[in-house]
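Next up: some structures, all given as structure tokens.
Here chain A shows up in two complexes: once beside chain B, once beside chain C.
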Partner chain A sequence: MPDHNGPFFEDIDLGDEIGPIELVATDDNVANFCALWGNPMPNRFTSQEIAEKSGLPGPIVPGVMSMAIMSQALTDWAGPEALKDLDLVFRQPVPHNKPLLVSATITDTREEDGENLIECDVLMMGEAGERYVGGTAIIALPSNSE
Partner chain B sequence: MTMELEYNRDLYGVEHEAGPFEITPELIQTFNRSIGETNAMFTDHATAQAAGYSGVLAPPTLVTMLVRNVELPDIELNFGVVRFHAGQRVQSRAPIVAGDSLMASSHLKEVYPKTGRSGTMVFTVWETTFTNQDGLVVADVQESYASRE
Partner chain C sequence: MYIDLHSHSVSSDDSRATVEQYVKWVQVLRDKRGCTIDGFVLTEHRKFDFDKDYSQLAAEYNVLIMKASELDTRCGHVLVYGVNEGLAKDIDLGDVKMDARELIKAARHHGAIAVPAHPGRFGIGLVEYMEQGETFPGLDIVERINGGSRAGENERADTLCRDHSYLGTGGSDAHLASHLGTCMTSFPTDIKNERQLVDALLAGDFTPVWLKDIQQNN
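Moving on, here comes the complex of A and B:
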């Protein structure tokens, strides 16, 4: 792996924590994402009125975008090619313009098919402890002996 | 109590295809901007080339945005009035690089009920496999939709 600036497999122990990394999805970010996604606007992701009609307090961040944000936090830490598997459950609506705290806790380390893998529980929380998105990730890391 | 779910089981084993999707540098850059992605392997052609790729890499969840282009049939589930996106999984199998052309193929993976504190929900899971122009599987995406009464 060229110019690896992230962690090595040997640096990781069970129970290690990554983050929290703070991110914000602004109104503009969500509108840009929906435009690219091809979701006709206005919709419950961009309009207060449509969101309220759906029983939401306000426009929300699409699940697909929440996943992209959590993926970004993980690849920032581990490297752009490291994320092998990200499996998420959307537990609560994710709000715009509020701090989103992404963290991960290492639950397993193993060698499999020649790769050094770590498994972690991942979480996106709000400032007041809201558990917006949870799940698991599998990340491949280089060895410092390679 | 065992719940008798009714839905169109004939959909198992049927593939629904879409594409090709051209993974242009512009598509990747627009995706990067919408989530504030700045990693040079995703944003800078020269950096990606120096690492041995023909173009910038696509961030691993970019393919999840393409799934909605696959036309999926109604499974005719006899349960629930409210339906929402409950979960999503992406498994990266091989790098996706600017210039790639991907095909998507989706099938019904499973339908199952789950009872928790808030009552019973039925989950419908679709799985989409993305294959590049060389026939290499690059990613699998599972989308889970929950129905509740």
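Moving on, here comes the complex of A and C:
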């Protein structure tokens, strides 16, 4: 595994933490994401008026974008092909232009079908402790003996 | 004893933690972080899992696992400890519009106890309803610290307890394994089952605690 710069399975212990990684989804970030996604604008993700008509206080970050942000936090840590599963619950609307804290905590490790798997809780929170999005992820890591 | 009085397993629709993951996390807290946690209560949303038996898992990991419910009412969520067949027959546990006062009364009638969850929660907590003039006769205990609260919400629960002389419990409101135990309730007495938990709550001798605070004291 000469080109692997991330952690090895043997380095991981239950309770280890990834992050928190702090980022902001700006209005421009969301608009660019919607353009790439092919979601016609304006929409409730980009327009104050449309968001309010949907009962939201303002435009929100699309769920699929939150998922992408959380996926990237994990693949930046473990490697681009490491993420095997991501199961999220969207608990509160994610706002634009406010700090978002993405973190993960290792809750289990196991070897399965020849793969070294770690299971972790993954969370996107706000500065005041809002639990916007939470769930679990399964990540495959290489062994340092490979 | 330190018991987390508020947690959700995958039996609740919005949780991603299995009971097995919770007991493993208890070992992480004990062995790697030096914390004391004796058990937890599964307070599943709008139901009670009569058919689930965690005694083998509890014995294997030396963790007390108890079952309860978190029910929806017109005045916010209410934790109910000591749920039994009689209560489930009298109250539709899945009724999201039930009257909290009737639930409080029915719980006591059947030997259970109702404790409003996260009463300081903005928009949906008990505080909001009390500010509108609602009263809750027979209520003595509320959840004073909740691990899922946003800034200011536990403080509102503190004020509620002070103003009404309510006793307060603590629970993590965990929906993920690694959130278990962040808040707990400390009991001076030994508790082995749901019946004894209700007795201990009725006795009124308990304190809500943050895990980080008891970690520092250990």
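Quick note on the criterion: the second predicted complex is superposed on the first by the 144 of 146 C-alpha atoms of A that agree within 3 Å, B and C clash if a C-alpha of one lies under 4 Å from a C-alpha of the other, contacts with A are read in each partner's own complex, and residues count from 1 in each chain.
The rule we apply is simple: contacts are C-beta pairs under 8 Å (C-beta built on N, C-alpha and C of every residue); 3 or more make two chains touch, one makes a residue touch a chain.
Quick caveat, the model's predicted, so the values are computed rather than measured.
Visitor: Does the superposition put A:97 against chain B (first), chain C (second), both, or neither?
Guide: Once the two structures are laid over each other on A, A:97 reaches no partner at all.
Visitor: Quick check on the superposed pair: does A:29 touch chain B, chain C, both, or neither? Answer first, second, both or neither.
Guide: A:29 contacts chain B only, not chain C.
Visitor: Going by the touch definition up top, name the partner, chain B or chain C, that contacts more of chain A.
Guide: B
Visitor: Contact-wise, after the overlay, does A:109 reach chain B, chain C, both or neither (first, second, both, neither)?
Guide: In the superposition, A:109 contacts neither chain B nor chain C.
Visitor: Is A:14 contacted by the first partner chain B, the second partner chain C, both or neither?
Guide: A:14 sits against chain C, while chain B stays out of touch.
Visitor: Classify the contacts of A:89 with the two partner chains as first (chain B alone), second (chain C alone), both, or neither.
Guide: Once the two structures are laid over each other on A, A:89 reaches both partners.
Visitor: Mind working out whether A:135 is in touch with chain B, chain C, both or neither, as first, second, both or neither?
Guide: In the superposition, A:135 contacts both chain B and chain C.
Visitor: In the overlaid three-chain picture, which partner chain does A:43 touch, first (chain B) or second (chain C), both, or neither?
Guide: Touch status of A:43: no partner.
Visitor: Mind sorting out which residues of chain A both chain B and chain C touch, each in its own complex?
Guide: Common to the two interfaces on chain A: residues 87, 89, 135.
Visitor: Under the touch definition given earlier, write down the residues of chain A that touch chain B in their complex.
Guide: So the residues of chain A in touch with chain B come to 2-3, 23, 29, 32-33, 36-39, 63-65, 67-69, 71-72, 75-76, 80-81, 83-90, 135.
Visitor: Chain C touches which residues of chain A in the complex?
Guide: 13-15, 87, 89, 91, 105, 107-108, 119, 121, 123, 126, 128-131, 134-136
Visitor: What part of chain C is in contact with chain A in the complex they form?
Guide: 14-17, 21, 24-25, 27-28, 32-33, 148-152, 175-179
Visitor: Spell out the residues on chain B that touch chain A in their complex, using ranges where they run on.
Guide: Those residues of chain B that touch chain A are 27, 30-31, 33-37, 39, 41-42, 50-52, 57, 59-62, 64-65, 68-69, 84-92, 95, 142.
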